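Below are two complexes that have chain A in common, paired first with chain B and then with chain C.
== the complex of A and B ==
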């Protein structure tokens, strides 16, 4: 993302510009770069370096079963992510088209479709067990009706959970893309005799190809890097992330294994990132931001849109309904509903609100930090030319690489630094968690701020310079105010993504700082599903309330 | 107006950060008269009840119970902190794990005559001899649970399957796809099950049995918790694990029960020990004595651990976990032989790598 450079006398390389005179924004940019290096690049680099060391030292020969398992794990992970991506795009593209162009009550569907994003992804897993497990509600209904049922544990279970969780992500990205399609483009196509579906297929979709590629990448990586769902509902289906995580936490397992697996996950993710971005650049059409888009006004189209959106929303939200019911139920064994209803899970919750408190503190600290980073890095990206473009890749890394791997890298780094006698305070305790979160979820506020920066009116800044203001003053007085709305949105997104994070948390866990996602996860694992459900409902309610509050403030 | 709001948010963020740092800062005042740090792998509610009880008995003390994520994580943490120990007590881990910690020099030597003057060197129960402390006093057993078969009564009834009474019943092809197990490659309790079976059935017998059980396994789960959650819900009706967890689920109202197999239930003894170089040695010793005392033992029983002292009954529920009851009802207890465990480790790993990669 390289915006046009501000109209200033060019004074040599970017380094020269920083060295004299000291520009506060540039200094901040450098600090951000150092932060990224310490908490992202070095940990990942350590893992890759260590794994190279292991391979060169003949380590692979020492781990005989590893090779076979390795191929199986890679194949499984790729197949799972690929399957999920295909399904999500197949449902998501028509859904996005209807959502943007032909559905009544759009705000309602917007809210409904965002609910899965407000909860940790693995919540879907234990909800799907309630629905589709061997004694699940839907399974029992199907069996009673004489219809075929399927075994949930394994690929089906993980895929269902991932599809439910990533569909909103894809739809939101695709919808953003659809909103850039100029009205006249579709109108002229239709006036030339094309039907709505023809035009959608041959004109609109190719136009938003970069967004389709981006959605595919986001969904693929989300599925590829997830650890919660495969752990809970994966059965015998082994994937890379779970192997890396379980090997890492057991000290009696050869520790070379998680390092090799983590490095491999990084390599695959980077290759994918490179390939997809190349594809995106090839298909990019200069976005002519027209503002107004073409909508399908015909009642038939709107009816179809309503049916389709309602059906998909219902299916996506069914697991959450199951969680709500479970939170008020006692034992939910072999029946369509729990044995009895009770408030005791919520009552028990009132006595153990510490994880919620921890999560609010951690997310409340990490989210502003992440937004601050994105503001600084966003500015650096448009001012620093080629070096700035590097930022683009680096800030996508945390999204590309699994949370578990980032966590493992950070732990190795802090271990190494301790060995060197550098037990720095910010490398342990909640500070480490805050740093880890700010990095892990950086891509989300980053995307919001990039979009915001691209819409900044350069002329105002140029006017400021021509009136004699320094760069810092211009930034503070002219640029920043234009960014405030975006910063507020970025804050909300960063907060919700951080508070629902699990992968990195499980690895970088600091004693005394159990987060609410960990609490839900441990209860779900122990079989105390009802308690896990009650906490999940609480988490979703809190996040929804905060998000709603923020949007309300923005709309005012 | 938005600017002011953002400034307020920014200030809040700064304050919250400072609070977080202050709250989470490493213990500086440790070693003072009243602060005890305990690394425990026990479930949260059990740990909390111990903490409250001990603080009540020793006014002015604060107990911080920390769970870094299981006994293995505790050992890793103790090793990492070896030159500047942050913890005073290592509470709740299998004896096997305490042996490892002792070998690594992480546990302090104590005098059993002082810490546990009224406990025998070993507990003789149901044909087994469970050592209650290490001769150098590096660890003390405060409770045990038995490795059993757990099942969901309702689900087995629905499926028309009989309740298995012996380990060898599990080879019955009727149970195909109805058993879930975790992986000895990753879980020490799973590994101990295998060692116990080896002791019960011998080298040939154990693999004959397990080749058959393997065919009945629905799937091998990387999550130990799934052993209990799946049975509690009735998703998979049978699993093997420690009795304690099945009792917890039963108390929640699930139709779960356990079988103490005729050929033997292996014993999972949980220990406590003082960390080498503990900053508050005196308080640590008091804590260990408390855990072993009758009051501490009642706490253990309340959380479904079998006490090691005779005559202890739980006050929080009606399940009888006393030594006397176990002696009368459990057919046989097997103590896992750690030397044997090391001998057969590689073979077990190899075979299970084969089982789990289908």
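== the complex of A and C ==
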């Protein structure tokens, strides 16, 4: 009641409080900090430091035309991400409004819109090839109708893939925001004589502004950092991430280039980090409201809503439909359907389940690790005062920085250590992949856990202290049991995000450890579309089953 | 039995807010002290400092003769009951109560005996193996009480333990807390914003306002002889008027407030009034409709009648007074009243309190 929820940090420096010897949680917190430093901060720091070094040494002078290229790449990346963001918001905002306020069968649409979230974005991109490519179904339809067709490879291809992939994310974020708008607010606005659209524009949208910002940032970051789609359908439209990746894996390219590009991506991402954190705070704490929301009751509005939502869901799901068809098809050349259907691709799949096994092993190790990290870090964030707030920024880093860059940083670091004669066993092979994944996807379980921590009543812990229990015992007996449900949810999210990861995987790849995402990607790149499709269906099925299991558990 | 002594306790938050300002009070062994004040007055912060959950900026906390400032909450041996009960949701009622004993490594038979004994004390023995989610708010609060008492704390601290309960339950648990506190004779500090709770439960009531303990005394004293304007307005009902001192002496103060000239008896030991402005607190029971016992009769206009069941509450507008006088009368007598009616009334000075702002003792 006096507005002092948390126990006040004791006087003295934060260091003195952390280093108080008999607190295992503090020790774990420090270990987590070291882990983050080794696998995230130092790699990224190295890249930036080395770039500064290169620039100061006048290295730009002997990289002819790099400056021009640099500007072009930056412009391309920003144009792509900006374009995708604008399109997604333009479709997503009305879609979310209809979705929340005027649609029958909402759970159905909810499920449909979740499907793209369960797959890596590049799956969408080879599906767009099936639809919009030179002999794609839609291209053929357009041609038959005498309409102009367009060249998919390039900006259109990437943009279409990204829009389809990020639209559901934006809609679900916006919908969460719309559910926080109290009914009274809209009803009083309407009683004052506003039309529905006026009220939506003047009252509702300003109210959910943080959610609009948040979804814009999510979309922008996803598009800016992605490497799969630009590689597959980018054609000659080169973006920063792709250039950094291709320069990095080719030995005949000056190795200063990927470092410079990566550092530049880090700098741009850091600019967005502050914004992301602010909007995240606003959209995370707010949903305390759980009352009634205003819905549009008029049959006309509901009809429009149903049509709009169905149309968009259909468009969003079309690529996945195409994948499903292709996975059973033989040659899909000229024609609206493949020439014949077969189970051949699935049979071939059964013969090479190694990538799936690899993915399950890696994700099965990295996901619990990431959850453990987020439990420990979440606790440190509450207990360490100002030092804890630092964690908040650091754990968001992998969210804003492209996976390719994180991978480049890690490989760069291990290379340097090897030069120093420090070939540590966990810095190579599968354990490096596990470390990379646990860092790269940390923001997802972290978000779940920090929300869970903020829901814990601190008084329970204070009651435990007053009964004589130590901090460790209190954590173990009182705090942790309340986190179990969130930990289960975080585990599933981490697992699915890891198994669909591509950017870091491509860079950190360790011989013998091809993952399922990588396998799909290389089949797609080699033009083995049907095989890629079959494996994609398998991946989506695995992820969907896990997610379904998790939400079933939550509902119980 | 341990007493609690707070000496010049001050808490300033990093934001610069002074939550508790130079607070000193001593709670005798076995005494029940209620700290009463509006939300944000610093009463919860005070309690949390006693429990060791907040660190005082300056000042000292003593349990008996031992200075407790540097003792962590784990070792203070206080029993703590919160507003939102804070019963561990992942443990049964039995395990909740046993928790503090398990920490202390009490042997199993002894633990069982003490847990059941305390569950019986709060009337929950037959619910020992229920989970908290299956209990009502009142039952949860009893679990919290048993859990706090079972460790035989030297001090029991209660932070608005009843405010999340509905009115009926509140009364019954209030009676229970009082009974148990008497039975165990445990030193108790009880924080609340509800004056009824504070006045009915406590041996002494401390009234807190903006971080300052403005008055500490037995409930009757705080009600009859408020030391400050805030205490007069916060505790009990009544009308606060601005007046001036005509004369003081002989345990009697003569004050003039508009047309009212009152000879107010002063409690022994009350601060000496200085010539000048005073505040005058007229309790509703001071306003007697009809001819009073030898007090001058005045005239007022009835406003705002509220029917309260056994009584009627109303206001009298009196010419020359800045605020209408609050009065209560039995419902039967009130039945003949109507808004706008002119009535005669008198004021019993024994139910009037007088004080001065900023003077000594305020």
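Operating definition for what follows: the second predicted complex is superposed on the first by the 527 of 556 C-alpha atoms of A that agree within 3 Å, B and C clash if a C-alpha of one lies under 4 Å from a C-alpha of the other, contacts with A are read in each partner's own complex, and residues count from 1 in each chain.
Everything below uses one rule, namely that contacts are C-beta pairs under 8 Å (C-beta built on N, C-alpha and C of every residue); 3 or more make two chains touch, one makes a residue touch a chain.
Keep in mind that what you see is a predicted model, and the values were worked out from it rather than measured.
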Looking at A:527 after the superposition, I want to know if it touches chain B, chain C, both of them or none. Which is it: first, second, both, neither? first
Which of chain B and chain C A:429 touches, first, second, both or neither: first
When the two structures are overlaid on chain A, which partner does A:279 contact: first (chain B), second (chain C), both, or neither? neither
Compare chain B and chain C by how many residues of chain A each one touches, and report the one with more. B
Touched partner set for A:110, first chain B, second chain C, both or neither: neither
By the touch definition at the top of the document, which applies to A:465: first (chain B), second (chain C), both, or neither? second
What is the contact status of A:140 with respect to chain B (first) and chain C (second): first, second, both, or neither? neither
Contacts of A:481 with chain B and chain C, given as first, second, both or neither: both
Taking the superposition on A as described, I'd like to know which of chain B and chain C A:457 touches: first, second, both or neither. second
Considering each complex separately, which residues of chain A are in contact with chain B in the first and with chain C in the second? 481
Would you pull the chain C residues touching chain A in the complex into a rising list? 13, 19, 39-45, 48, 51-55, 72-80, 82-84, 86, 88-90, 99-100, 103-104, 144, 147-148, 151, 160, 193
Interface residues, chain A side, partner chain C - complex: 1-4, 7-8, 10-11, 457, 459-460, 462-470, 473, 477-478, 481-482
Chain A touches which residues of chain B in the complex? 2-3, 5-6, 9-10, 12-13, 16-17, 19-21, 23-26, 39, 44, 64, 66-70, 72-73, 75-76, 80, 152, 154-155, 158, 185-188, 218-226, 228-236, 245, 248-249, 252-255, 350, 353, 356-358
The answer for chain A against chain B in the complex is residues 65, 68-69, 72, 129, 133-135, 153-154, 231-232, 234-236, 238, 242, 246-247, 249-253, 330-334, 339, 352, 361-362, 364-365, 367-369, 415, 418, 425, 428-431, 434, 481, 484-485, 487-488, 491, 509-513, 522, 524-529, 553
